[in-house]
Amino acid sequence: MKLLYFAWLRQRTGLAEETVSPPAEVRTVAELVEWLRGRGPGYAEAFADLRPIRVAVNQEFARFDTAIGPGDEIALFPPVTGG
Amino acid sequence: MKLLYFAWLRQRTGLAEETVSPPAEVRTVAELVEWLRGRGPGYAEAFADLRPIRVAVNQEFARFDTAIGPGDEIALFPPVTGG
Amino acid sequence: MTGSDGTATCRIDIAVQTEDFDVGAAITAAAAGDHGVGGVASFVGLVRDQGGGEAVSAMTLEHYPGMTEKALRTIADEAARRWPLDAVRIIHRFGRLLPGERIVLVVTASAHRDAAFDACRFLMDWLKTKAPFWKQEETPDGERWVAAKAEDDIAADRW
Amino acid sequence: MTGSDGTATCRIDIAVQTEDFDVGAAITAAAAGDHGVGGVASFVGLVRDQGGGEAVSAMTLEHYPGMTEKALRTIADEAARRWPLDAVRIIHRFGRLLPGERIVLVVTASAHRDAAFDACRFLMDWLKTKAPFWKQEETPDGERWVAAKAEDDIAADRW
(Lines give C-alpha, C1' and ligand atoms only; values in the text may rest on other atoms or scores of the structure.)
Protein backbone atom coordinates (compact mmCIF):
# COMPACT_ATOMS: atom_id res chain seq x y z
CA MET A 1 0.00 0.00 0.00
CA LYS A 2 1.47 3.29 -1.14
CA LEU A 3 0.81 6.37 0.96
CA LEU A 4 1.30 9.96 -0.22
CA TYR A 5 1.21 13.12 1.90
CA PHE A 6 0.86 16.67 0.60
CA ALA A 7 1.23 20.24 1.91
CA TRP A 8 1.34 20.50 5.70
CA LEU A 9 0.59 16.79 6.10
CA ARG A 10 3.79 16.09 4.21
CA GLN A 11 5.65 18.48 6.50
CA ARG A 12 4.16 17.10 9.74
CA THR A 13 4.74 13.48 8.84
CA GLY A 14 8.14 14.39 7.45
CA LEU A 15 7.39 12.19 4.44
CA ALA A 16 6.23 12.79 0.86
CA GLU A 17 5.45 9.10 0.41
CA GLU A 18 5.98 5.70 1.96
CA THR A 19 4.99 2.11 1.36
CA VAL A 20 3.29 0.39 4.28
CA SER A 21 1.78 -3.01 5.04
CA PRO A 22 -0.90 -2.48 7.66
CA PRO A 23 -2.55 -5.54 9.23
CA ALA A 24 -5.47 -7.18 7.40
CA GLU A 25 -8.08 -5.61 9.70
CA VAL A 26 -7.27 -2.17 8.22
CA ARG A 27 -10.01 -2.07 5.57
CA THR A 28 -10.91 1.63 5.25
CA VAL A 29 -9.11 4.97 5.10
CA ALA A 30 -10.31 5.73 8.64
CA GLU A 31 -8.80 2.47 9.92
CA LEU A 32 -5.57 3.23 8.07
CA VAL A 33 -5.32 6.65 9.72
CA GLU A 34 -6.03 5.11 13.14
CA TRP A 35 -3.24 2.60 12.52
CA LEU A 36 -0.88 5.40 11.34
CA ARG A 37 -1.54 7.36 14.54
CA GLY A 38 0.03 4.49 16.52
CA ARG A 39 3.24 4.62 14.50
CA GLY A 40 4.78 7.60 16.32
CA PRO A 41 4.25 11.10 17.68
CA GLY A 42 4.68 12.78 14.24
CA TYR A 43 1.79 10.73 12.83
CA ALA A 44 -0.29 11.18 15.98
CA GLU A 45 0.13 14.93 15.72
CA ALA A 46 -0.50 15.08 11.94
CA PHE A 47 -3.70 13.05 12.26
CA ALA A 48 -4.96 14.41 15.57
CA ASP A 49 -7.83 16.21 13.84
CA LEU A 50 -9.31 14.65 10.71
CA ARG A 51 -11.64 17.53 9.88
CA PRO A 52 -9.09 19.45 7.78
CA ILE A 53 -7.88 16.28 6.03
CA ARG A 54 -9.01 15.05 2.63
CA VAL A 55 -8.39 11.73 0.94
CA ALA A 56 -7.79 10.29 -2.49
CA VAL A 57 -7.72 6.57 -3.24
CA ASN A 58 -6.05 5.57 -6.49
CA GLN A 59 -5.94 9.22 -7.56
CA GLU A 60 -9.65 9.87 -7.09
CA PHE A 61 -11.20 11.83 -4.25
CA ALA A 62 -12.54 9.43 -1.63
CA ARG A 63 -13.89 9.40 1.93
CA PHE A 64 -12.70 8.06 5.25
CA ASP A 65 -15.12 5.14 4.92
CA THR A 66 -13.80 4.22 1.46
CA ALA A 67 -12.57 0.62 1.36
CA ILE A 68 -8.86 0.09 0.66
CA GLY A 69 -6.64 -2.87 -0.06
CA PRO A 70 -2.96 -3.79 -0.33
CA GLY A 71 -2.39 -2.57 -3.92
CA ASP A 72 -3.98 0.84 -3.43
CA GLU A 73 -2.40 4.29 -3.59
CA ILE A 74 -3.80 6.43 -0.79
CA ALA A 75 -3.14 10.16 -0.55
CA LEU A 76 -3.82 12.31 2.50
CA PHE A 77 -3.81 16.10 2.27
CA PRO A 78 -5.47 19.32 3.40
CA PRO A 79 -8.35 20.83 1.34
CA VAL A 80 -7.05 21.88 -2.05
CA THR A 81 -6.28 25.56 -2.78
CA GLY A 82 -5.28 25.74 -6.45
CA GLY A 83 -6.59 27.96 -9.18
CA MET B 1 -29.97 70.21 -37.19
CA LYS B 2 -27.76 67.31 -38.24
CA LEU B 3 -29.42 63.97 -38.93
CA LEU B 4 -27.62 60.64 -39.15
CA TYR B 5 -29.03 57.32 -40.39
CA PHE B 6 -27.50 53.91 -39.79
CA ALA B 7 -27.90 50.35 -41.08
CA TRP B 8 -31.15 49.72 -42.99
CA LEU B 9 -32.42 53.23 -42.16
CA ARG B 10 -29.42 54.59 -44.01
CA GLN B 11 -30.21 52.31 -46.94
CA ARG B 12 -33.93 53.13 -47.02
CA THR B 13 -33.45 56.89 -46.78
CA GLY B 14 -30.53 56.64 -49.18
CA LEU B 15 -28.58 58.96 -46.90
CA ALA B 16 -25.88 58.52 -44.26
CA GLU B 17 -26.40 62.07 -42.99
CA GLU B 18 -28.06 65.35 -43.88
CA THR B 19 -28.54 68.79 -42.38
CA VAL B 20 -32.15 69.94 -42.11
CA SER B 21 -34.02 72.97 -40.80
CA PRO B 22 -37.48 71.81 -39.75
CA PRO B 23 -40.07 74.40 -38.75
CA ALA B 24 -40.05 75.70 -35.17
CA GLU B 25 -43.01 73.56 -34.12
CA VAL B 26 -40.81 70.44 -34.46
CA ARG B 27 -39.69 70.17 -30.84
CA THR B 28 -39.26 66.40 -30.24
CA VAL B 29 -37.78 63.43 -32.06
CA ALA B 30 -41.32 62.16 -32.74
CA GLU B 31 -42.26 65.47 -34.35
CA LEU B 32 -39.06 65.41 -36.38
CA VAL B 33 -39.86 61.93 -37.71
CA GLU B 34 -43.43 63.00 -38.55
CA TRP B 35 -41.99 65.96 -40.47
CA LEU B 36 -39.47 63.69 -42.25
CA ARG B 37 -42.28 61.36 -43.38
CA GLY B 38 -43.73 64.22 -45.41
CA ARG B 39 -40.47 64.80 -47.27
CA GLY B 40 -40.91 61.95 -49.75
CA PRO B 41 -41.79 58.28 -50.27
CA GLY B 42 -38.32 57.04 -49.20
CA TYR B 43 -38.72 58.72 -45.81
CA ALA B 44 -42.36 57.65 -45.50
CA GLU B 45 -41.35 54.06 -46.09
CA ALA B 46 -38.29 54.21 -43.80
CA PHE B 47 -40.34 55.64 -40.92
CA ALA B 48 -43.61 53.79 -41.53
CA ASP B 49 -43.13 51.74 -38.36
CA LEU B 50 -41.29 53.35 -35.45
CA ARG B 51 -41.16 50.23 -33.29
CA PRO B 52 -37.87 48.94 -34.72
CA ILE B 53 -36.28 52.40 -34.65
CA ARG B 54 -34.01 53.74 -31.95
CA VAL B 55 -32.75 57.28 -31.38
CA ALA B 56 -29.68 59.10 -30.14
CA VAL B 57 -29.58 62.85 -29.50
CA ASN B 58 -26.13 64.39 -29.33
CA GLN B 59 -24.57 60.92 -29.28
CA GLU B 60 -26.56 59.65 -26.30
CA PHE B 61 -29.46 57.22 -26.46
CA ALA B 62 -32.75 59.13 -26.30
CA ARG B 63 -36.48 58.61 -26.78
CA PHE B 64 -39.07 59.80 -29.27
CA ASP B 65 -40.33 62.32 -26.71
CA THR B 66 -36.83 63.76 -26.15
CA ALA B 67 -36.75 67.50 -26.85
CA ILE B 68 -34.55 68.66 -29.71
CA GLY B 69 -33.35 72.00 -31.04
CA PRO B 70 -31.58 73.52 -34.07
CA GLY B 71 -28.02 72.73 -32.96
CA ASP B 72 -28.60 69.08 -32.13
CA GLU B 73 -27.22 65.95 -33.77
CA ILE B 74 -29.99 63.36 -34.08
CA ALA B 75 -29.30 59.78 -35.11
CA LEU B 76 -31.96 57.27 -36.17
CA PHE B 77 -31.16 53.58 -36.43
CA PRO B 78 -32.40 50.04 -35.80
CA PRO B 79 -31.68 48.31 -32.47
CA VAL B 80 -27.94 47.78 -32.11
CA THR B 81 -26.39 44.36 -32.80
CA GLY B 82 -22.69 44.66 -31.94
CA GLY B 83 -20.52 42.53 -29.69
CA MET C 1 -5.32 49.30 -7.46
CA THR C 2 -5.66 51.94 -4.78
CA GLY C 3 -4.56 55.47 -5.60
CA SER C 4 -2.34 57.62 -3.41
CA ASP C 5 -5.47 59.33 -2.07
CA GLY C 6 -6.87 56.00 -0.92
CA THR C 7 -9.58 55.77 -3.57
CA ALA C 8 -9.84 52.89 -5.98
CA THR C 9 -8.73 53.63 -9.51
CA CYS C 10 -9.46 51.62 -12.61
CA ARG C 11 -7.51 51.92 -15.84
CA ILE C 12 -9.96 52.05 -18.75
CA ASP C 13 -8.88 51.64 -22.36
CA ILE C 14 -11.34 51.74 -25.24
CA ALA C 15 -10.54 51.23 -28.91
CA VAL C 16 -12.78 51.16 -31.98
CA GLN C 17 -10.80 50.14 -35.02
CA THR C 18 -10.73 48.19 -38.27
CA GLU C 19 -7.47 46.34 -37.48
CA ASP C 20 -7.22 43.05 -35.63
CA PHE C 21 -5.88 43.13 -32.06
CA ASP C 22 -3.44 41.16 -29.91
CA VAL C 23 -5.49 39.30 -27.29
CA GLY C 24 -2.51 38.11 -25.25
CA ALA C 25 -0.97 41.58 -25.10
CA ALA C 26 -4.27 43.12 -23.94
CA ILE C 27 -4.72 40.52 -21.19
CA THR C 28 -1.12 40.87 -20.05
CA ALA C 29 -1.39 44.67 -20.04
CA ALA C 30 -4.52 44.53 -17.85
CA ALA C 31 -2.47 43.13 -14.97
CA ALA C 32 0.91 44.65 -15.80
CA GLY C 33 2.55 46.60 -12.99
CA ASP C 34 -0.27 45.86 -10.56
CA HIS C 35 0.45 42.91 -8.30
CA GLY C 36 -2.87 43.38 -6.57
CA VAL C 37 -4.56 41.77 -9.58
CA GLY C 38 -5.53 38.17 -8.85
CA GLY C 39 -7.60 37.45 -11.93
CA VAL C 40 -8.14 38.63 -15.49
CA ALA C 41 -11.32 37.57 -17.26
CA SER C 42 -11.77 38.07 -20.96
CA PHE C 43 -14.11 37.41 -23.83
CA VAL C 44 -13.40 37.34 -27.55
CA GLY C 45 -16.32 37.50 -29.98
CA LEU C 46 -15.76 36.00 -33.43
CA VAL C 47 -17.54 35.98 -36.77
CA ARG C 48 -19.41 32.68 -37.16
CA ASP C 49 -19.90 30.99 -40.51
CA GLN C 50 -23.62 30.70 -39.90
CA GLY C 51 -26.44 32.80 -38.52
CA GLY C 52 -30.18 32.25 -38.40
CA GLY C 53 -29.74 28.88 -40.06
CA GLU C 54 -27.96 30.30 -43.09
CA ALA C 55 -24.34 30.17 -44.23
CA VAL C 56 -22.50 33.44 -43.63
CA SER C 57 -19.56 34.23 -45.88
CA ALA C 58 -18.74 37.65 -44.41
CA MET C 59 -19.99 40.23 -41.95
CA THR C 60 -19.81 44.01 -42.10
CA LEU C 61 -19.98 46.02 -38.90
CA GLU C 62 -21.25 49.56 -39.18
CA HIS C 63 -20.92 51.93 -36.25
CA TYR C 64 -21.57 55.52 -35.22
CA PRO C 65 -18.20 57.29 -35.15
CA GLY C 66 -18.10 59.74 -32.29
CA MET C 67 -20.79 58.07 -30.26
CA THR C 68 -19.29 54.57 -30.21
CA GLU C 69 -16.24 55.28 -28.05
CA LYS C 70 -18.34 57.42 -25.72
CA ALA C 71 -20.93 54.66 -25.32
CA LEU C 72 -18.24 52.05 -24.63
CA ARG C 73 -16.59 54.34 -22.09
CA THR C 74 -19.90 54.90 -20.31
CA ILE C 75 -20.41 51.14 -20.08
CA ALA C 76 -16.84 50.63 -18.80
CA ASP C 77 -17.30 53.40 -16.21
CA GLU C 78 -20.46 51.70 -15.03
CA ALA C 79 -18.60 48.39 -14.62
CA ALA C 80 -15.84 50.14 -12.64
CA ARG C 81 -18.51 51.71 -10.42
CA ARG C 82 -20.18 48.37 -9.72
CA TRP C 83 -17.13 46.13 -9.19
CA PRO C 84 -13.66 46.64 -7.68
CA LEU C 85 -11.78 46.54 -10.97
CA ASP C 86 -8.14 47.39 -11.62
CA ALA C 87 -8.45 47.55 -15.40
CA VAL C 88 -11.00 47.36 -18.20
CA ARG C 89 -10.05 46.99 -21.85
CA ILE C 90 -12.57 47.02 -24.69
CA ILE C 91 -11.58 46.70 -28.34
CA HIS C 92 -14.31 46.56 -30.98
CA ARG C 93 -13.69 46.31 -34.70
CA PHE C 94 -15.80 47.64 -37.53
CA GLY C 95 -15.76 47.10 -41.30
CA ARG C 96 -15.90 43.85 -43.24
CA LEU C 97 -14.79 40.66 -41.45
CA LEU C 98 -14.64 37.01 -42.48
CA PRO C 99 -15.74 33.95 -40.48
CA GLY C 100 -13.20 33.16 -37.76
CA GLU C 101 -12.07 36.79 -37.48
CA ARG C 102 -12.19 38.53 -34.11
CA ILE C 103 -14.89 41.20 -33.65
CA VAL C 104 -14.60 42.26 -30.02
CA LEU C 105 -12.43 41.83 -26.95
CA VAL C 106 -13.43 42.64 -23.38
CA VAL C 107 -10.86 42.26 -20.58
CA THR C 108 -11.41 42.87 -16.86
CA ALA C 109 -8.79 42.69 -14.10
CA SER C 110 -9.56 42.53 -10.39
CA ALA C 111 -8.16 41.28 -7.10
CA HIS C 112 -10.90 38.65 -7.08
CA ARG C 113 -12.23 36.33 -9.75
CA ASP C 114 -15.91 36.91 -9.08
CA ALA C 115 -15.59 40.63 -9.81
CA ALA C 116 -13.57 39.98 -12.97
CA PHE C 117 -16.04 37.38 -14.26
CA ASP C 118 -19.16 39.40 -13.42
CA ALA C 119 -17.80 42.62 -14.89
CA CYS C 120 -16.66 40.91 -18.09
CA ARG C 121 -20.06 39.38 -18.69
CA PHE C 122 -21.83 42.61 -17.75
CA LEU C 123 -19.69 44.50 -20.29
CA MET C 124 -20.50 42.07 -23.08
CA ASP C 125 -24.22 42.10 -22.23
CA TRP C 126 -24.42 45.89 -22.13
CA LEU C 127 -22.20 46.33 -25.15
CA LYS C 128 -24.57 44.17 -27.20
CA THR C 129 -27.55 46.42 -26.40
CA LYS C 130 -26.02 49.84 -25.66
CA ALA C 131 -23.17 50.38 -28.13
CA PRO C 132 -24.01 51.69 -31.61
CA PHE C 133 -22.90 48.84 -33.86
CA TRP C 134 -24.91 47.11 -36.55
CA LYS C 135 -24.05 43.81 -38.23
CA GLN C 136 -24.83 42.93 -41.80
CA GLU C 137 -24.26 39.35 -42.94
CA GLU C 138 -23.50 38.12 -46.45
CA THR C 139 -25.43 34.92 -47.17
CA PRO C 140 -26.21 32.89 -50.31
CA ASP C 141 -29.53 34.81 -50.44
CA GLY C 142 -27.77 38.18 -50.31
CA GLU C 143 -26.99 40.68 -47.59
CA ARG C 144 -29.18 41.01 -44.55
CA TRP C 145 -29.07 43.03 -41.36
CA VAL C 146 -28.80 40.96 -38.22
CA ALA C 147 -31.91 41.43 -36.08
CA ALA C 148 -31.55 42.35 -32.42
CA LYS C 149 -32.30 39.41 -30.14
CA ALA C 150 -34.87 39.61 -27.34
CA GLU C 151 -32.54 37.41 -25.27
CA ASP C 152 -29.84 40.08 -25.49
CA ASP C 153 -32.21 42.63 -23.95
CA ILE C 154 -33.04 40.16 -21.21
CA ALA C 155 -29.33 39.50 -20.59
CA ALA C 156 -28.62 43.24 -20.39
CA ASP C 157 -31.58 43.93 -18.10
CA ARG C 158 -30.58 41.42 -15.44
CA TRP C 159 -27.64 43.58 -14.35
CA MET D 1 -18.08 21.60 -33.73
CA THR D 2 -20.14 18.65 -34.86
CA GLY D 3 -18.35 15.42 -35.71
CA SER D 4 -18.85 13.40 -38.88
CA ASP D 5 -21.20 11.10 -36.95
CA GLY D 6 -23.40 14.07 -36.04
CA THR D 7 -22.44 14.17 -32.37
CA ALA D 8 -20.92 17.23 -30.75
CA THR D 9 -17.21 17.01 -30.10
CA CYS D 10 -15.14 19.20 -27.82
CA ARG D 11 -11.38 19.50 -28.04
CA ILE D 12 -9.93 19.26 -24.53
CA ASP D 13 -6.34 20.16 -23.73
CA ILE D 14 -4.91 19.94 -20.23
CA ALA D 15 -1.41 20.92 -19.14
CA VAL D 16 0.26 20.91 -15.71
CA GLN D 17 3.66 22.52 -15.93
CA THR D 18 6.23 24.76 -14.28
CA GLU D 19 6.74 27.00 -17.33
CA ASP D 20 4.71 30.11 -18.12
CA PHE D 21 2.21 29.91 -20.98
CA ASP D 22 1.12 32.02 -23.95
CA VAL D 23 -2.40 33.28 -23.22
CA GLY D 24 -3.02 34.73 -26.68
CA ALA D 25 -1.91 31.54 -28.42
CA ALA D 26 -4.18 29.41 -26.23
CA ILE D 27 -7.21 31.64 -26.89
CA THR D 28 -6.51 31.74 -30.61
CA ALA D 29 -6.06 27.96 -30.74
CA ALA D 30 -9.42 27.42 -29.00
CA ALA D 31 -11.24 28.83 -32.04
CA ALA D 32 -8.73 27.93 -34.75
CA GLY D 33 -10.14 26.01 -37.68
CA ASP D 34 -13.67 26.07 -36.30
CA HIS D 35 -15.79 28.88 -37.72
CA GLY D 36 -18.74 27.74 -35.68
CA VAL D 37 -17.11 29.33 -32.62
CA GLY D 38 -18.73 32.67 -31.79
CA GLY D 39 -17.11 33.34 -28.44
CA VAL D 40 -14.05 32.43 -26.41
CA ALA D 41 -14.12 33.14 -22.68
CA SER D 42 -10.98 32.92 -20.59
CA PHE D 43 -9.64 33.48 -17.12
CA VAL D 44 -6.07 34.00 -15.99
CA GLY D 45 -5.24 33.60 -12.30
CA LEU D 46 -2.19 35.50 -11.03
CA VAL D 47 -0.08 35.55 -7.87
CA ARG D 48 -1.11 38.54 -5.74
CA ASP D 49 1.34 40.46 -3.58
CA GLN D 50 -0.92 40.09 -0.57
CA GLY D 51 -3.05 37.45 1.06
CA GLY D 52 -4.96 37.38 4.33
CA GLY D 53 -3.84 40.95 5.03
CA GLU D 54 -0.15 40.12 4.77
CA ALA D 55 2.46 40.92 2.14
CA VAL D 56 3.28 37.93 -0.06
CA SER D 57 6.73 37.82 -1.65
CA ALA D 58 6.33 34.46 -3.39
CA MET D 59 4.01 31.48 -3.68
CA THR D 60 4.82 27.81 -4.12
CA LEU D 61 2.25 25.50 -5.68
CA GLU D 62 2.47 21.85 -4.75
CA HIS D 63 0.42 19.28 -6.64
CA TYR D 64 -0.22 15.56 -6.89
CA PRO D 65 1.52 14.35 -10.05
CA GLY D 66 -0.54 11.66 -11.71
CA MET D 67 -3.81 12.71 -10.14
CA THR D 68 -3.73 16.38 -11.17
CA GLU D 69 -4.12 15.95 -14.91
CA LYS D 70 -6.78 13.31 -14.38
CA ALA D 71 -8.74 15.57 -12.05
CA LEU D 72 -8.54 18.50 -14.48
CA ARG D 73 -9.66 16.28 -17.35
CA THR D 74 -12.63 15.04 -15.34
CA ILE D 75 -13.64 18.65 -14.65
CA ALA D 76 -13.24 19.58 -18.33
CA ASP D 77 -15.27 16.54 -19.41
CA GLU D 78 -18.02 17.61 -17.03
CA ALA D 79 -18.05 21.11 -18.55
CA ALA D 80 -18.26 19.63 -22.06
CA ARG D 81 -21.16 17.46 -20.92
CA ARG D 82 -23.06 20.44 -19.48
CA TRP D 83 -22.48 23.06 -22.20
CA PRO D 84 -22.18 22.96 -26.00
CA LEU D 85 -18.43 23.64 -26.10
CA ASP D 86 -16.08 23.44 -29.06
CA ALA D 87 -12.88 23.60 -27.01
CA VAL D 88 -11.61 23.65 -23.44
CA ARG D 89 -8.03 24.49 -22.52
CA ILE D 90 -6.70 24.34 -18.96
CA ILE D 91 -3.10 25.16 -18.08
CA HIS D 92 -2.04 25.12 -14.42
CA ARG D 93 1.45 25.80 -13.19
CA PHE D 94 3.20 24.43 -10.11
CA GLY D 95 6.44 25.32 -8.33
CA ARG D 96 7.57 28.68 -7.00
CA LEU D 97 6.00 31.82 -8.51
CA LEU D 98 6.40 35.53 -7.82
CA PRO D 99 3.67 38.19 -7.52
CA GLY D 100 2.33 39.10 -10.95
CA GLU D 101 3.15 35.69 -12.41
CA ARG D 102 0.41 33.63 -14.06
CA ILE D 103 -0.81 30.54 -12.17
CA VAL D 104 -3.69 29.21 -14.23
CA LEU D 105 -5.47 29.68 -17.53
CA VAL D 106 -8.92 28.41 -18.43
CA VAL D 107 -10.26 28.90 -21.95
CA THR D 108 -13.67 27.87 -23.29
CA ALA D 109 -14.94 28.19 -26.86
CA SER D 110 -18.56 27.89 -27.91
CA ALA D 111 -21.00 29.00 -30.59
CA HIS D 112 -22.67 31.19 -27.95
CA ARG D 113 -21.30 33.53 -25.32
CA ASP D 114 -23.47 32.30 -22.44
CA ALA D 115 -22.12 28.77 -22.74
CA ALA D 116 -18.53 30.01 -22.97
CA PHE D 117 -18.92 32.30 -19.93
CA ASP D 118 -20.76 29.76 -17.79
CA ALA D 119 -18.36 26.94 -18.59
CA CYS D 120 -15.29 29.11 -17.93
CA ARG D 121 -16.55 30.12 -14.51
CA PHE D 122 -17.66 26.58 -13.71
CA LEU D 123 -14.18 25.30 -14.58
CA MET D 124 -12.48 27.85 -12.31
CA ASP D 125 -14.90 27.13 -9.45
CA TRP D 126 -14.51 23.37 -9.69
CA LEU D 127 -10.77 23.56 -10.26
CA LYS D 128 -10.39 25.50 -7.00
CA THR D 129 -12.10 22.75 -4.97
CA LYS D 130 -11.51 19.56 -6.98
CA ALA D 131 -7.96 19.70 -8.37
CA PRO D 132 -5.10 18.59 -6.11
CA PHE D 133 -3.07 21.79 -5.76
CA TRP D 134 -1.88 23.44 -2.56
CA LYS D 135 -0.53 26.96 -2.21
CA GLN D 136 2.11 28.05 0.25
CA GLU D 137 2.80 31.77 0.62
CA GLU D 138 6.04 33.43 1.71
CA THR D 139 5.28 36.34 4.04
CA PRO D 140 7.38 38.52 6.39
CA ASP D 141 6.29 36.12 9.18
CA GLY D 142 7.48 33.08 7.26
CA GLU D 143 5.84 30.47 5.07
CA ARG D 144 2.23 29.52 5.52
CA TRP D 145 -0.19 27.25 3.74
CA VAL D 146 -3.15 29.03 2.21
CA ALA D 147 -6.36 27.89 3.90
CA ALA D 148 -9.27 26.69 1.77
CA LYS D 149 -12.07 29.25 1.63
CA ALA D 150 -15.67 28.40 2.52
CA GLU D 151 -16.78 30.73 -0.29
CA ASP D 152 -14.92 28.54 -2.79
CA ASP D 153 -16.95 25.52 -1.68
CA ILE D 154 -20.12 27.57 -2.02
CA ALA D 155 -19.08 28.72 -5.49
CA ALA D 156 -18.34 25.15 -6.57
CA ASP D 157 -21.59 23.78 -5.12
CA ARG D 158 -23.87 26.17 -7.00
CA TRP D 159 -23.16 24.40 -10.31
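Some notes on this structure:
We call the chains A, B, C and D, going by the order they appear; numbering starts again at 1 in every chain.
FYI, contacts are C-beta pairs under 8 Å (C-beta built on N, C-alpha and C of every residue); 3 or more make two chains touch, one makes a residue touch a chain.
Predicted model, so just to flag it, every value in this text is computed and none were measured.
Among the remaining chains, those touching subunit A as well as subunit C are D.
Of all the chains, the one whose CA centre sits at the greatest distance from that of subunit D is B. As a whole-number value, the distance joining the C-alpha centres of subunit B and subunit C reads 27 Å.
Between the CA-based centres of subunit C and subunit D the separation comes to 22 Å, rounded to the whole angstrom.
Per-chain CA centroids place subunit B at a distance of 48 Å from subunit D.
Under the contact definition stated at the top, the residues of subunit C that touch 2 or more other chains are 45, 124.
For subunit A, the set of residues touching two or more other chains is empty. Contacts between chains, counted with the stated touch criterion, involve the pairs A-D, B-C, C-D.
On subunit D, the positions that touch subunit A within their shared complex are 45, 61-64, 66-67, 70-71, 92, 103-104, 124, 127-136, 145-148.
Residues 22-25, 27-28, 31-32, 34-50, 99-100, 111, 113-114, 116-117, 120-121, 124, 155 of subunit D are the ones that touch subunit C when the two sit in their complex. The touching residues of subunit B, counted against subunit C in their complex, run 4, 6-8, 10, 56, 59-61, 75, 77-83.
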